[in-house]
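Following this line, the structures themselves.
Shared between the two complexes below is subunit A, which pairs with subunit B and subunit C, respectively.
On to the complex of A and B.
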């Protein structure tokens, strides 16, 4: 660092005195464990090795393909249980055919795209409240999320703020999702369900873009089978979220 | 906090082992740098402890996932600080952190330093209220992390000249505000 002039030195002393007030205590092992828990059980690890494509995504895709072949024959994207919601993209208006090869390659970050990747989640606050048979609601859950998706527009970090309705060993979830990166942000709502004490979950999200993504919608499904990362599949398209 | 000369405090093997998925190595990195990250995040968060903690927690998550992409393990500390600063800046943007934790001047601890000694810090707090998260990030990287314009530029993907220009404007503004305070 170059030599400081008197004002610089005063400013530096003031900044550092200000920073001295922060509580920096940490249980490093616990912090590391909490963070790493996502990767040890993460979907990019298979037999202790890192693989370029999330394993659960491959499994999900294999399952999806099997379902499509068994149940739909030649018109797989016309049916309701397609992982990528068909209501959000029209083949006639899309440069990317909906039946593109899986997994889709990295996109050019423009126009309508089929996207896939991962979402890693760290719970910042568990939802709280008293649950009874008639009042199963929990409120105020919050999580930090980081997405790593094959389209730079939807790769970033953000928050997932959610409420839950407990029903025995499972819970329905709903809340607001925010994702952003240096060029813009995505905001919207999600609904889903969770089980295995929150370790596993599914969630569908409809987000609208701002900034560089103004006018676009990002809709995705997230499937997580263990703590940490989940598989994301979805589409980005120009236009508002699809109606009911 | 020392400057960001090539980091010799964290053995390269530790970084490489952590990048390969070794939990104990990653815990050593957390123990070594958590305080540095918290200090930078705290300045960017304008004194909001919770926001700083959330930002650093998110930063560790990013660091864990991206550690194997760190091209120069010698620069681990500056890279971690940049990740934490970015997370703090984004959190502040979302929360629109504008207010600072208040210092309760009514409670006097007999063993504490004379409040007059903290005049600079108090003036700075007032000045920070008027800065954006981006500007506080610049301030934190420059004066808390001790980075120069070139290093900041390399970390945030901006030309050094742009960083230098923004810093000079920020310092001029702070100089005026602190003088007028």
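On to the complex of A and C.
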């Protein structure tokens, strides 16, 4: 095939021409880098290996995991992180049962008792008179009272007749208290203080019984800090008022 | 994916080391605990450490103070009560009458009040007639504060050996408080506030107590 000779000759010439232009030099550093890979450095590398999150975060997670395992695994934990003192017996803790017993339950209405409840008053007449510094007395105050207490003997209605000695926005007051119900009555005196135009007051009262309550004493404090019902707390006992 | 596996391997490795360190530390005597532990360590450290409890401090009292001048409404707490003189207790045990008498006891109170004139310590010498567990209680109270003193009588009811009180006191001032009256009512821990303190309410004014 003599017609192919020129073709073979031209191909051989072209191959030689390409070969002559090839750069056969070797870059050793580049070759080494491609062989061992690029060494990772920085916060996303550990032991030369790339990791997907910062190493410090990994260490933190590891520490938390260790603490979790330790707490679940029963390893003694010396509570070094406890910053509150270990509980000791304290008056406050011993008082908890006391508070739990207050207010007292309903009584059977007999004998000596702890009493607790409310007193509601309606002013029938404001006390009147001079209120100068030299003569701060006000007289003739009257109020209707209704009590709702855990003992039926002192649950009822009555009156509170009082005088006041005004000193600016507050006043000392005293007067007579009468309380009754179907079985008897209680009468005696109260003294205390009042403010907020009579809406708030505190007083202590000593009452003695008549009727079914003859021979008994009812001593109580009434505390009312705002308009409305006041709290009554005290005792009933089968004896006379006592004191100095 | 390979990176994730490497990460988990790293975590597991560090965790194992940390657990080992923790176990070693926990097995050591308590004396090796860091000194940064609370200084208020209980004296009975040899006993098993009880489960820590959260100790809640009493809530801060929203207690605006008065200016300590002129007539004032006063309120506060009895935060401490200590028997400073023992009493004589006599058993009478007559059914339907006084069952016991208590005489000449004395208790020291610490008042935390909203007026400097009545804020401080007081002593109360008390007597009681008991009808089973309740009865009347009375006696003189003496209070001293920075600029004067208050003296007068308290009367009222008592129950459960003083756990419950309903007392009412009329005190006269001396020193800077001469010519003034301090009227107060106070409770015991049973009928006091949620922390077992006695609750105090009253007034201070220039004048004498009202006639009974």
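Following the convention adopted for this analysis, the second predicted complex is superposed on the first by the 144 of 244 C-alpha atoms of A that agree within 3 Å, B and C clash if a C-alpha of one lies under 4 Å from a C-alpha of the other, contacts with A are read in each partner's own complex, and residues count from 1 in each chain.
Simple rule for what comes next: a residue touches a chain if its C-beta (ideal position, glycine included) is under 8 Å from a C-beta of that chain, and two chains touch if they have at least 3 such contacts.
Computed from a prediction, not measured in an experiment: that's the story for all the values here.
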Q | Contacts of A:180 with subunit B and subunit C, given as first, second, both or neither | A | first
- Can A:122 be said to touch subunit B (first), subunit C (second), both, or neither? first
### Message
Once chain A of both complexes is superposed, is A:238 in touch with subunit B (first), subunit C (second), both, or neither?
### Response
second
Ask   = Which partner does A:210 reach: the first (subunit B), the second (subunit C), both, or neither?
value = neither
Review point. Between subunit B (first) and subunit C (second), which, if any, makes contact with A:159: first, second, both or neither?
Key: first
Q.
Taking the superposition on A as described, I'd like to know which of subunit B and subunit C A:167 touches: first, second, both or neither.
A. second
Chosen between subunit B and subunit C, the partner touching more subunit A residues is C
Touching A:146, do we find subunit B (first), subunit C (second), both, or neither?
first
Overlap of subunit B and subunit C contacts on subunit A, residues 50
The residues of subunit A that touch subunit C in their complex are 46, 49-53, 58-59, 61-63, 65-67, 69-70, 73, 75-80, 82-88, 91-92, 95-96, 98-99, 101-103, 111-114, 116, 136, 163, 165, 167-170, 172-174, 189, 191-193, 195, 200, 202-204, 206, 217, 219-221, 223, 225, 233-239, 241-244
In their shared complex, subunit A is touched by residues of subunit B numbered 1, 3, 21, 23, 26-28, 30-31, 34-35, 38-43, 47, 49, 52, 54, 57-58, 60-62, 64-65, 87, 90, 93-94, 101, 118, 120-121, 123-125, 128, 139-140, 143-144, 146-148, 171, 174-175, 178
Listed in rising order, subunit C residues that touch subunit A in their complex are 3-4, 6-7, 10-11, 13-15, 17-19, 21-23, 25-27, 30, 33-34, 36-38, 40-42, 49-50, 52-55, 58, 70-73, 96-98, 129, 131-136, 138-140, 153, 155-160, 163-164, 166-168, 170, 181, 183, 185, 187, 189-192, 194-196, 201-203, 205-207, 209-212
Residue set of subunit A touching subunit B in the complex reads 1-2, 7-8, 10-24, 26, 28-29, 31-36, 38-40, 45, 50, 120, 122, 124, 144, 146, 148, 157, 159, 178, 180
